[in-house]
Amino acid sequence: MPIPQPNLYPPFNIVRLSHVEFVATDLAASRAFYVDTLGLQVTDEDSGTIYLRGLEERGHHCVILKKGPAAAVNALSLKVYSEEDLDKAAVWFETRGNPVEWVDRPYQGRTLRVHDNFGTPLEFYFRMDRLPPIHQQYKLYHGVKPLRIDHFNCFTPDVDASVAFYNSIGFRVTEYTEDDESKKLWAAWLHRKGGVHDIAFTNGVGPRLHHTAFWVPTPLNIIDLLDLMSTTGYLKNIERGPGRHGISNAFFLYVLDPDGHRIEIYCSDYQTVDPDLEPIKWDLKDPQRQTLWGAPAPRSWFEHGSVFAGTKTDEPLLKAQPIIAP
Amino acid sequence: MPIPQPNLYPPFNIVRLSHVEFVATDLAASRAFYVDTLGLQVTDEDSGTIYLRGLEERGHHCVILKKGPAAAVNALSLKVYSEEDLDKAAVWFETRGNPVEWVDRPYQGRTLRVHDNFGTPLEFYFRMDRLPPIHQQYKLYHGVKPLRIDHFNCFTPDVDASVAFYNSIGFRVTEYTEDDESKKLWAAWLHRKGGVHDIAFTNGVGPRLHHTAFWVPTPLNIIDLLDLMSTTGYLKNIERGPGRHGISNAFFLYVLDPDGHRIEIYCSDYQTVDPDLEPIKWDLKDPQRQTLWGAPAPRSWFEHGSVFAGTKTDEPLLKAQPIIAP
Amino acid sequence: MPIPQPNLYPPFNIVRLSHVEFVATDLAASRAFYVDTLGLQVTDEDSGTIYLRGLEERGHHCVILKKGPAAAVNALSLKVYSEEDLDKAAVWFETRGNPVEWVDRPYQGRTLRVHDNFGTPLEFYFRMDRLPPIHQQYKLYHGVKPLRIDHFNCFTPDVDASVAFYNSIGFRVTEYTEDDESKKLWAAWLHRKGGVHDIAFTNGVGPRLHHTAFWVPTPLNIIDLLDLMSTTGYLKNIERGPGRHGISNAFFLYVLDPDGHRIEIYCSDYQTVDPDLEPIKWDLKDPQRQTLWGAPAPRSWFEHGSVFAGTKTDEPLLKAQPIIAP
Amino acid sequence: MPIPQPNLYPPFNIVRLSHVEFVATDLAASRAFYVDTLGLQVTDEDSGTIYLRGLEERGHHCVILKKGPAAAVNALSLKVYSEEDLDKAAVWFETRGNPVEWVDRPYQGRTLRVHDNFGTPLEFYFRMDRLPPIHQQYKLYHGVKPLRIDHFNCFTPDVDASVAFYNSIGFRVTEYTEDDESKKLWAAWLHRKGGVHDIAFTNGVGPRLHHTAFWVPTPLNIIDLLDLMSTTGYLKNIERGPGRHGISNAFFLYVLDPDGHRIEIYCSDYQTVDPDLEPIKWDLKDPQRQTLWGAPAPRSWFEHGSVFAGTKTDEPLLKAQPIIAP
C-alpha cells in the first residue's frame, strides 16, 4: 500500500512542534535533571512551575515542568504560522465535531486546545514571548548542550489512522515501517519543519508519549552526557544508546527523567523540505531500521511511555492485539 | 531603520536554493577538486558536463560543471513548491517587465530563466529527477563528507535594493549588518528553507557570486579537509578559516576551486522556521560579526568573486562608492 | 592484598608491545577487513603473507597476516631498547629453564622466541626496518584511521601468576579487578610504554588472546567505523560497543575479523609514565568497571578468544574453576 | 649535519616535565583564566599561591601561580625516576661546575634547583603528593577540559647548544628545523616521556619561556574554548590558531594568560617511545612546518616570551644575530 500523501494545502499552517508540558512529582529532582544535567536553560520558575528553553531557541519555552501528584503529559504544543491560522484550526476541528477550547497559557498568546483522533491533547498558538538570543553566550553551554526541541514520538493503537489524521493537517511522512503481511503501518515519522520529524507514531498502547527529543550539536556531546550521567547518579536513567538509527540516520541516546518521561538526545538527521521527497520504507523484519549497528533496544523501550493527563489509554486494544516483538 | 519584513504570502512559493552551474576551464581539474577532494558524488558526466550531488541529496544535482573558455557562473537555481508556482513566477516577473524564458535543462522539468533586479541569472524549476538515497552508503563518504548545498552569497552594488527584491518573493532576513552612519545595509542573510540563509548579499562589485556553501556534519570534517588539501597540492586553494562566524554562528572554511570559484564548507547554524524570528543586527564596526574569534579575513575574501556569464558587473558603481574596509 | 609492584630495574628493557602475527584462513577476506575497512596500511604482501602498519607507525609492521588452515595467533611481539637487551633477555629466560630460540623474521633484526609462564609465545627484537613517515599523507587516512597498535589482552588461567611474571620483566599494573572474597585478581592491566596497558590479563580459559587493540584519533572515528561496517556487510562482525570503559577510561569498540580474531578500536586513555602511579582497584561486582555507562557486554565477549598456535589451552582448569559471570 | 643523538644511558633518569611556576600580578584574574576558563582544577590556594592540576593528573600540581609584582617564570620543573636519581643529578651538575641548591617546595619531596647551560632555572624532584583520581568525575570537566601538562617551549640564543645540553641528560630530538645555509638548528623538539616533546627550543632572545602546553582530548575542545573565550572577555587573549602544526602534527591554539604567559592547547601528536625513532627534519623555508594549512603566525608569536626570574636574557646576542623572519 503506498504511503498516504499529506495535504499539500492544509486547512491551517503548522510551523513546527513547539513544547511539551510534563507533570513532575518532584520539581527539584526534575530541575537537577533538565537544567544541571541536560543543560536546558531556565526562563522562569516558581514553586509550581519551571519553564525551559534550548540554547538556540528564542521562544520562551520548549519544556514546562508542572508540579503534580503523578507523572503525566498535559499537552503537546505546536506553533502555527499566524493568528489567522489559529482561527482556521478552530473551525477545522469544530467542523469535525472535535471540541475546541481557548485556554490561557502564560507567555503565550491565544492558545487553542483540542485532541487528536485518539485523544492526544494538542495545543496550538502563534505568539509566544520572544527572548534575546543566547546561542553565542557560550558560558551557558553545559551538559549535552541542547540547542532546541526536535520532535515528539507517540504510541498509538493504530498507526494508519494517526498518519491519516496528521496528513490531513499537513504533516508529511519521511520514513515508515510497514508490516509486509498485514500491509499495516508499524511506525511512521512525519514532519512540518523540514527535518525527519516533528512527530512520529509507533504501534503500542496509546495514545501515550514515547519520548520528546532535543537536538544537540554533535555525537561527541552525547558521549559527554553519558560520561556525566554515569558518574553523577544517573546511571539507571540511561536506557538505550548511543547508536545510529537506521530510520532518520540520526545519532541517538535515550534517557529517562526522574518521573520516567523518556528524553531522546538526537543529532544528524537530514533536510526534508522538498515537497516531493519520497518516504523511505523499512521492513518490520529489518533490525537495522532501529539501530543501524545492530544492537537491539531493551524491552522497556518498547513498552514504557508517559500517559496524557485526562486521556484514556487504550488498554483493551493492547490485549486484543499483542505487541509484536519489534 | 528597521529591517524590511518579507512578504509572508509571496506571489509564488520557493522551497530552497537548489543548484549552481559553474563554467570550468578544465573539467578534470574540477573533478579532482569537487569529487576526489571535497567528496561530492557524480550523478552523470560526459566530456562537457559533470553533475554532482551531496550525500543526503536525492535530487539529481546541486552543482553542474560545464566546460568553457573562462570561469563564470551560468545560473543560480531554486526549487519551487509545485508546477503551479512556476507559472505564478512567470507571471510575476513578466508583470514587472522582467523578460522570462522557458529553458530546457537535463534531468529537470520545466525551467524558468529570469534575472533579479541587478541581473543575476536565476532559474526556477519544480521537478528534478529523483535518485535513490545514498546517505547510508557510508563507503561513499570521503573528503569533507558534503551532505547538501546550503546557500549562495553574492556581491551586490546595493544591499538594500537586493533585500527588497528578495523580500518581495518571500525571503526573510535572519541577520544583517548595518552601517550606523549611512543607515544602509552592509550585508544581509535571507532564507526560505529554515536555516540562516539560502542567499546572502554583501556590499561590493556586483552582481557577482561570492561563494556557494555546502553543509557538512561536524567541525571535525572541516579539519579533515584542511589536512587533506594541505597535503595533496591544494594548499594555495585554502583561503580563509577554519573559524566561527559571528553572523550565523556557523563553523566555516573557505576554499577556492581550480577556477577560483569560492566554496564555503559550513556547519552548525540554527533553525529559523518561525515566521516571527527577529533578525539579528550586527554593527559594521564589530569584528566578531565576521569571525567570532577575532581573526581577520584576508583581503582577497572581500574582493574576489565569480562573474555571472552574460551579466555586466557594475564596475562604475564600485569606483563611485569605494568598498569600506570591512 | 596490595597489588604486586613491578621490578623497577628489570633484567632487560622492553620498550613496548610491537606486533601480532595472525593465522588467517582467507587472506583476501582479511585484507578487505584490515586494509579496506579498518584502514591499516599494507607495507608488503605476497600470496602467503600481508604486513600492515598504522598511520603514525614507522616500524615495518604491527600486524602480520599469514595464510593458514586454521585461525590462530603465532606470536605476540615486543620491542626491546637495544641489541644488548636481547641478549639479557635470552640469559634471563634460559636461567629460568625457559627454552629460547633465535628465529628469522623478515624485516626484523635478531629475534628471540620464548614462551611466558603459561605458554604464550613471545618474540623480542630490537631492530625492525624503518619506513618513511606517512602520518601527514592524509589522503591515506580512511576507515577508522588506525594510528598505532596499542595493546594485547589475554585470557589466563591465573591472573595473579601472569601479573607476577610480567612484573618480573618490568611491566607495571595500572588498574586491576580483585575478587573481594577470594582476594585473587580477576583481571589486570600492565604497561611499559606509558599508556594504561601494553598487555592485560583476564580470568578465563587460557592462555588465549582476547583481543588486539589499535589507537584511533577520536571517538568520532569509531562512530564512522560503525557506520561503515554496518553498511558494507560487516554488521555481524560488530561485537560490543561503542562505550566507555570504566577501567582505562577509554572509548572502545570491539569487532571480529573474518577468522574471529577480536580487534578493539580504542582511544582516550591516560598517561602512566610516573613510576609511582598508584594502580586503580575495581570491585568485581561493579558493573561500571566494564562499561562506565552500564551496558553489559555480550556473553561471547567473555568466552571467545584466539588460541596460540602450538600452545595447549588449559581446558581442565576451566572446568575446575568455572568462569564467574562477570 | 646529522642531528645529535641523545645519551641513551643518561647520568640520571628524567621521567617527564612536571610543572611550571608563574609569577602572576593578579591572582584573581589568573584564577579566572586558568580555572574558570581553561578548566584546570585547584588543589590548594591561599592569598599568595594557587596550585592547579589537569583532570587526569594525580600529582598535586602542574601549575603554580605565585602572586608577585611582575610577570615572570620562577622555574621549570621535572620529575625524576627515583630519589637516587636526584642525588645523581646533583653530582652531575656539581661536577660540571653548575651550582646546585636543595630547596623546599610544598607538596614535594627533596627538590634540586639548578640552571641549564643558558641559565634557565630547572627544578628536579621525585616525590610529590599524590591525589585521588578525578578523571572519571565528569562533572568537573569544563572549559577546554585540560587533561595534563604536555610540554615547555623556550627561546634560546643557540639552539645547537641547548640541544647538546639536553641530549646529554637524555632528551631525544623528535623533529627539528635546520637552516640549510648555516647548517645551524633553528628549532628542535625533545622528549623524555614518549610524546613529541617535553621541551622544545626556538631561536630567539633567550633564555625565555615561549609557552607551556596542555593536552586536551580532541580538536573540538579547542573549538569550544575559542567560542568561550571570544564571548567572555578573552578575545584579545587569543593569539594564534586553531591550526595543525606541520611539526608534531598536533592540533593547536595559543592563548595568553592575563600576565602574557603564553599557553598552548594541544592534542593529537604521536608516540615516540622507540629509541631508534628517526628525527624528522624540516626546512626553514617550508611554511607548512609551522602551520600545515599555510596560515602564518602573527609577529607577536615570534617575539613575545616570559622571562625567567633572576635570569639575564641575552639581549646583546639578539642584536648581533637578528631573528630571521620565520
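By written order: A, B, C and D. Residues from 1 in each chain.
As a convention for this text, a residue touches a chain if its C-beta (ideal position, glycine included) is under 8 Å from a C-beta of that chain, and two chains touch if they have at least 3 such contacts.
Predicted model, so just to flag it, every value in this text is computed and none were measured.
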Over half of the residue-numbered contact pairs in common: that is the test. Which of A-D, A-C or A-B passes it against B-D?
A-C
Between C-D and B-C, which chain pair is linked by the larger number of C-beta contacts?
C-D
Of all chains present, which has the mean Cα position farthest from that of chain C?
B
Determine the centre-to-centre distance between chain C and chain D, using the mean Cα coordinates as centres, and give it in whole Å.
33
Chain B and chain C: spacing of chain centres that average the CA atoms, whole Å:
50
Multi-partner residues of chain A (at least 2 other chains):
136, 218-220, 227, 230-231, 292
Complex contacts: residues of chain D adjacent to chain A
136-139, 141-142, 218, 220, 224, 227-228, 230-232
Within their complex, chain D touches chain B through residues 218-220, 223, 226-227, 229-231, 235-236, 238, 242, 244, 251, 288, 292-294
For the complex, give me every residue of chain D touching chain C.
8, 15-16, 56, 58-59, 79, 81-82, 126-127, 130, 133, 135-136, 147-148, 193-194, 217-220, 246, 249, 268, 270-271, 273-278, 280, 292
